[in-house]
Structures are given as C-alpha cells and as structure tokens.
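Labels A, B, C and D are assigned to the chains in the order they are written; within every chain, residues are numbered from 1.
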C-alpha cells in the first residue's frame, strides 16, 4: 500500500512485514489452535509467509501473487494454508497482466479471495472462520480513503473477533466444541488479525 | 529362634516379621537395585516373603522350609528370588523329618544354603553378592551362644556391607558398573541386612 | 523434545528415505513426498490413492502395496500434503481405469484433494472419485455424521477397497465398496500423554498425571471429557458403549475390531483392552472376525488407544480376508 | 502411572488372555503363563523354548509359531518365570527329539532354566540343550562376552533356530546353528524416557529433559553414558561404531540389521535411524539383507531404540529367509 498503489516491491515489503509478524505470533496461534484443534496454525501461517517472503517475485502483480499462492501450497497445506493459497490465487487471477494495482481495487481483491475460499472450503459467512474476517475487511475497505485503509482493515479484523465472542465455530476442527469455541476466539480470525496488524505495521499491540 | 530351638511356629512368626520388614524396605531396595540393575529387588523380596508368610506350613521343619522355597519360586523368580528359594530348599533337605531344630544347627543350615546358592548361581565368595553376607553370618553363628545369635547375625550382615565398600560387584547386573558399584552397597547384601534386621526384630534402624 | 531426529525440518524427508530404503519391495518414492508401488499403477486396475500428514505410520504411506493402495501423498507432520503432491500421487496410481481418492475427513486434505482432482482432470484426463473416512463417533453427532473426523477406520477401508480394485471392478464399483466399508466403520480414541510435532518442538496439550482424555483425536484434537484415569475395563466399556450407541450390533452379527495404539501404549495394554472388547461382543453374541491388535494408525509417541469396529456383510468380509501385503499387515 | 490396566497384579494374566483371544491361530495357553502352539509340539522335530519376563512384546511369547518357537514361559513384568513354568514350557515344546532352551542372559532366567532342565530330565526324560543370547556389546568387554545381557538379537536366533529345527535336524545340530546365530549378533540400545513396571507403579529411573542414555538395557539397566540428546545421525554413528569395534564388517560381507523401538519411539524415528545405518554399511560395502525396522523387542512404553546386527553366512541367511509366521513377523 505504498502511496495508493500496489506493485511488486510493495508486495515484497508487505510480505516481509507479515512474515515477521506471523513468526512472532506463531506460538500464540499454535496455542489458540491447540485449544480447539490440532495446534498447528502458528506453524502454518509463519512458514507460509516466510516462504512467500523469500520467493522471487516477478514484476507482474498477478504472477507475483501466484508465487505467493504457490509458496503457501508448498509449505503449508493445512486448512488455513490452503485457504490462503486459494485467496492469493483468486487475487492473482484478477490482477494478471498489471504491474501496478490501485489501492481502491483492494476491496474487490479481498472479496474475490473471500469468494474463492468459500467455494474451496464449502464454508459460509457466519460460521466463525477467517471468511468472516475477509468479508468484514473487504466491506470496510469499500468505504475507506486510501490513507485510512490500514486503520479500516485493522478495525474490521478486530471487530470481527469481538462480533463472534460467545458464538460457536461451525466449521473446521473447532466445530466439535460448540461451548468451548463460543468462549474462545476463532484461531483463524485471530491469525488474520495478526496478519493485518503486521501489514499495517502495528504488530505487537498485544492480544485482541 | 524361640528359646534355642526352631519349630514350625517359630518359622511362621519369623516369616511374618521378615515380610513386614521387607515390605517396609521395598522402596529402598528397588531404588538400590535401580542404581545398578533393573530396580526390582524390593518387589522380589517383599512379594516373596509375603507369599511365604501366608503359606500353610506343615509341622515338619524341612517340609515347612520347602513351602517357603516354593512360595518364592511362585512369585519371585528374579535372581534374588531364585537364590533365596535355592537356599530354603537346601535348608529343607537338611531338616526334613524333624519338627524341631536346635539353634546351633543354624550355622550349618546357613552354610548349606550358601553352598547351594553358589552352585546355582555360579558365583564365588568375594563377588560382592548376598553370598558374602550368608558366608559371614554362617561363620558368626558358629561362635555365638544361642542368646547372642541375633546380634551376631546382625553384626555380620552389617559388617559385610562395610567390608565391601569401595569394591566392585563382580556378578549379576551390577557387574557392568565397576566404578559405580564400588561406591554403592550391593543391593542383595543390603536386602539381606534388612531381612536379618527384621528377623531379629530390629527393623527400622535406618540405612546401613 | 524427546525425539530422535536430525533437524525438525528434515524429519519427514529423512523418514521417507529410510522407509523406502528399508522396504524397497513395497515402496518407491518417484517424486518427493509421493510413495507409490515400485512398479507403478497396475494396467486396467482402478488406482487407489490416499494422503495426509506424516506422523501416523503405518498410516498413510505404509498401506501402499498389493491388495491395498497404489500411491500416497504425504505432508509434513500432521499437515496435509499439497494439491500438487496429491495430483502426482493420482498420476502414479493411475492404470487407465480411474482413481479413487480415499482419505480422512480433515479440512486441509479435503480442499487439497479436491484441487488435485481438478488438476488431473484438466491435465491428465484421469477420472477420480472420492470416499472420505469419517469414523470418529465423538467428533460430531449422528445427524452430522458426515462432519466426523477420519481416524483408524481408514485401514479397513484401504484393505477392502484394495481388494475390490484387485477384482478389476470398475471405478464406480470400487468406489461403492469403499464407501460401504467407510460407512461400516466406527472409531473412538482416548489418550494419556501427548506427542510432539517436531517443528513445534513441544506438545500443544498436556494431560495431568493420573488423568486421561476420552475421545481425543489423532492430532491431539480435544476429546469429550478429561478426568481421572479409569481402569482398563471401564475405559473399554465406555468406548464400546459409545460405538454401540451409534451403531448397534446384535446376536449373529459379524464384525472386525481394531484395538490400536496411538504409539507409546504397549501391546500388553492393547491386549488387556482386547480381552474386554471380546467379552463385550461375546455377551452380545456378535462374532469378531480377524481382530487386529497393534499399531496400525498412530500419533507418533502419543500414549493412548483407539477402538474401531467394522460391521461386516459377506461382501466386506470377503474383501477383508482377500490376500494383501504391505510392510505392516499381511493377509492370506 | 500412565498405563491402561485394571490392577497391577492382573497385568500379565489379562494380557495373556487377550493375546490368545486375539491370535488363536498362533497361540494357546495350555497352562498358566505358558504359551504354546495350538497343536502342541511337532512330532520328531526338535522343540525350541524360550522364556523371560513380560513387558517385551512381541518378545517372548509373540515368537511362538511355525518356523519360530514351540513354547514359551512368561513371568511377571521384567521378572523371570519360575523353573516350574519353564519345565512346563519344555514339556509342551517336546516332540520327542529333545528341546533347545534359547533365551537371554539374565541371572534369574539362567538359574531357573537350569533348574527346569534338571526337572524335565528327571521327570520326563527330555533331553535339553541351552543357547544363551548375550548380544549387548556395552554390557561387558569382549574378553567377558559371555557375561553380556541378551537383548533384541534374540529374535534373529529365534528365527534361525526355528528354521533349522524345521529341517528336522537333530538337537545337537539345531543347537549348533542357534549358537552360531547367537554368536553372530551384536546389539546396543539407547533410551530417552523410562517405562513403568505396573507393580512398582513408578519408573525406577528418570532421564532429564533434553538428555539421553547410551547403552541402556531393556529393563532400564544403566548404560555407559548419559548426556545431552544428540542428533539422530550422531546417535546412530556411535551405536554402529560400538558394534563395529566389537565385530567388524568388510566389503562384500552380508548382514541383517534390526532397528528396534523400545516402545514409544515411533516408526518415523526408526526410519531416520535406518537411513543412517544404511549409509554406514553402504560406505563399508557390506550388504544389508532383510532389514527389520519396527517394534520387535520392547520395554513397554520406554522411549528409545536398539540396533542389532547379525553377520550372515550362507547357512544363516538361508535360515533367516526360510518361511515362518507369527502374529508379528512373517517371512516367505
């Protein structure tokens, strides 16, 4: 999000920030996932972004995002990893052939990712998954000026967690534990918040 | 050792004392054996004497001692259990047909047990095993008046431990650890001391 | 971390290397993280592939072999392989008669196998079908049975589907039999101590000394209760009761039972469990055919056990008993 | 105590009950704590018996079967069976051609098997011979090799002696071959965590987090050093080096290797070890025949592994490859 447009170098810089943020959050995310699932979400997210951050990116934004998808596929094939790869792939399709993308296209890219991920994972909005975070972020970006986008995304990611407090997870491993999952954050939504925080350069603001 | 003679009831009472003493020492003996071997000596000795103590003993001293041998064979077939059974068997052979045995025969019974155990286990005196304890006790009993026998046996069992301080075990599992076994009591000799203490009604006098 | 390894990152690849070196008569690794039969797919036979995370040996790769599977894609410990790897496994399994994807119901695996199917359809014109194992009775109520996790029951499905494919039946028929086998399985697990994913370096849960967790999943997914460790017979009874509540057996019924260690629990204790399982089905009057007791689907060094039942009719029993061989299980 | 059992006192008997219920085609329990083949001794064939403590499954009872052993006496966990039980096992193994006693070198077992031999000689006129396994290289220096402990090498001796007996060779000949197999074996173990003897209720040793013990025995007998856990390749190298220092192999030599888990160590890690073992013998130019990787001789839930080598000549290799079957190992 360098000055209203996105290019290869902007993506590279963003990936580096997210990789660092994901690495720092790995233990927290493993623990959150361990409460309801198999405890690997921190590994998934940190390995995936580390791989993407160290990939050679072509100048074409679409092809660059395709590399990100492939990087995730290569190292992290858990649900989250596959979904993130699916999301990158959808954004790649929409941006292929461009070397810069306007910031205001972001909202449709996030929405495209959300839709592809819903198709792949057969999930619905309201299931208390990362889908809800994406949906909220895409909607928030719609109304935000370029300079406010980071803040808007951040609030949306944060608000999603708050909005689902007390509601049970309806998808993935966590689904088994209606009661317990209601009292806890969805690990995937939490991971998404950590990603957005890192993107926005606001890592380390503590637990949501 | 009731008043200079030994009979079935005397044996029964003695077994009860030893069973209690062995039970109390079980953890200590497991730990001692665990330092050099497989850590089962306390189980062996406590189970063996418990079984012998609860056996129905015939009046014939020899047959009563045979029951003790069988009891050990039944529940404790580790090295020590088999050796104790062998010792009881030898004493049984020497007393078969008698309903009382004079206290001064004890020395030859202990010697007979020692010899049978050496034959069975192919061990030698000086190997730092229970054989040395038996040998010392048998010799001490030779010179003791009936009333002093308990004390004589006790000192002999204790002195054996002291005499082998600094010397390595040359038989059984402990043999592997020349250095370590030299710095430790032989578990079998220690068990024998606990048995004699219980026999003499001097249990719980603390570690040797 | 009490594990014997060189580097967490190389755990899976070095494992697979040793695995194929030790059993070259059964397993080849034609591409990284893809295990196939040394001779490749069998011409004219329906291929069967599976896939999933590492850390469950003999599941998944171990069940490649005559009468079992044709190929397997294998991921990091407890993580799905990639769709690319699954597509490669499908290609290696293909003998021209189509390929059945037969695997456990986990989100990552499902999404990736779906993608892999799309890939081989587009790129290789290979027809694929899917049967997903969802045998863990505690992981969803009966009304949502299709959402359940797939656990040790899959080894029965591997065996039976493999036998069906060996009859040279077509893809739809093999798929039907595999689905029937999958539907006939019920499993439940319990655990006493966790295992360590090498790349995590520490356990992601702990169970207190003297405690157990009933219903735990094979990746350490939470179970249904955690409480004081009960006697073996009581544990077995609860496991059997929960299976029977979902799938009753009656007098004269035939079934097979798998009493499976999650890794550390020794055979000795599995036999203590099996003793009770046998008594329970003797009481019912149902006959246990070809019981399996051992380590068939593990979670590395986790302590605990699973019980799986599979209700048998003539067809399933015939396929279960058909000849088959891999490094861990031989029939006939 | 993280174990699945009913009462410590019934651990072994309930285990044996489940064991024979699960595998009636291989095992019968004609007398308490004696496992024999369902059909009894084979007329005219030399019988082979073993015996020892429980807690090592598949050792000892698991290796009763065609091409392996004829009977086995089994004691409490890690404790010798009684001479009476051993005598009973000898009687069940007897087919009129005499019986070989083939077991590990532990004081209690030796004394009791000696007694058992005296009993069946007196009471039943059964001629017996003895071969004692003493394959653990760290448990005594080469000059006192006969004092070494018997560990996993015994399974090679079971297999080879069983094949020799199946040729209907006489007792002296079977004994010669068994002794030759025993002499050809070298083993070494290492451990990371202890196991619990049910009747003791707690481990009799602990190994610190991040530490290992090299040379540990299968009952937790102390090893030769305890230090920080090393990488798998370094561990394997030290184990192989110590074996080679005792029994060198050269270019063109043939051997089999067993990489064995003490219980909790998963197959995954055994394969990581085997990968290195293979590289080491490749370097030497010695050929590994029929490698075995798995749980062949355990210490219940102990974490750790053992490596055994057996140097093969034509005769031993032929017997190793001869058909044999038990519930845990099938050849041919």
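Quick note on the criterion: contacts are C-beta pairs under 8 Å (C-beta built on N, C-alpha and C of every residue); 3 or more make two chains touch, one makes a residue touch a chain.
Chain identities (UniProt): A, B = DAK2 domain-containing protein; C, D = Dihydroxyacetone kinase subunit DhaK.
Keep in mind that what you see is a predicted model, and the values were worked out from it rather than measured.
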Report summary line: Chains in contact with chain A and also with chain C, listed by label, are none
Query - Chain centre separation (chain B, chain D; CA means) in Å - result: 32
Report summary line: Whole-Å distance, C-alpha centre of chain B to that of chain C, is 54
Requested in this report: Could you give the separation in Å between the centres of chain A and chain B, each centre being the mean of its C-alpha atoms?
Outcome: 73
Requested in this report: Identify all positions of chain B at which a residue touches two or more other chains, and write them in rising order.
Outcome: none
Query raised in the report: If each protein chain is taken as a node and each touching pair as an edge, is the resulting graph a line, ring, star, complete or other?
Result: line
Query - Chain-chain contacts as defined at top - result: A-C, B-D, C-D
Report summary line: Counting only contacts in the complex, chain C reaches chain A at residues 75-76, 78-84, 106-108, 111-112, 114-115, 139-140, 147, 149, 197, 199-200, 204-205, 217, 219-222
Report task. In the complex, go through chain D and note every residue touching chain C. Result -> 1-7, 11-12, 14-19, 21-22, 54-55, 57-58, 62, 192-193, 195, 209-210, 229, 231-233, 235, 259, 263-275, 278, 291, 293-295, 298, 300-301, 303, 305, 328, 330
Query raised in the report: Which bits of chain B are touching chain D when the two form their complex?
Result: 30-31, 33-40, 43-44, 47, 73-83, 86, 120-121, 171-173, 175-177, 180
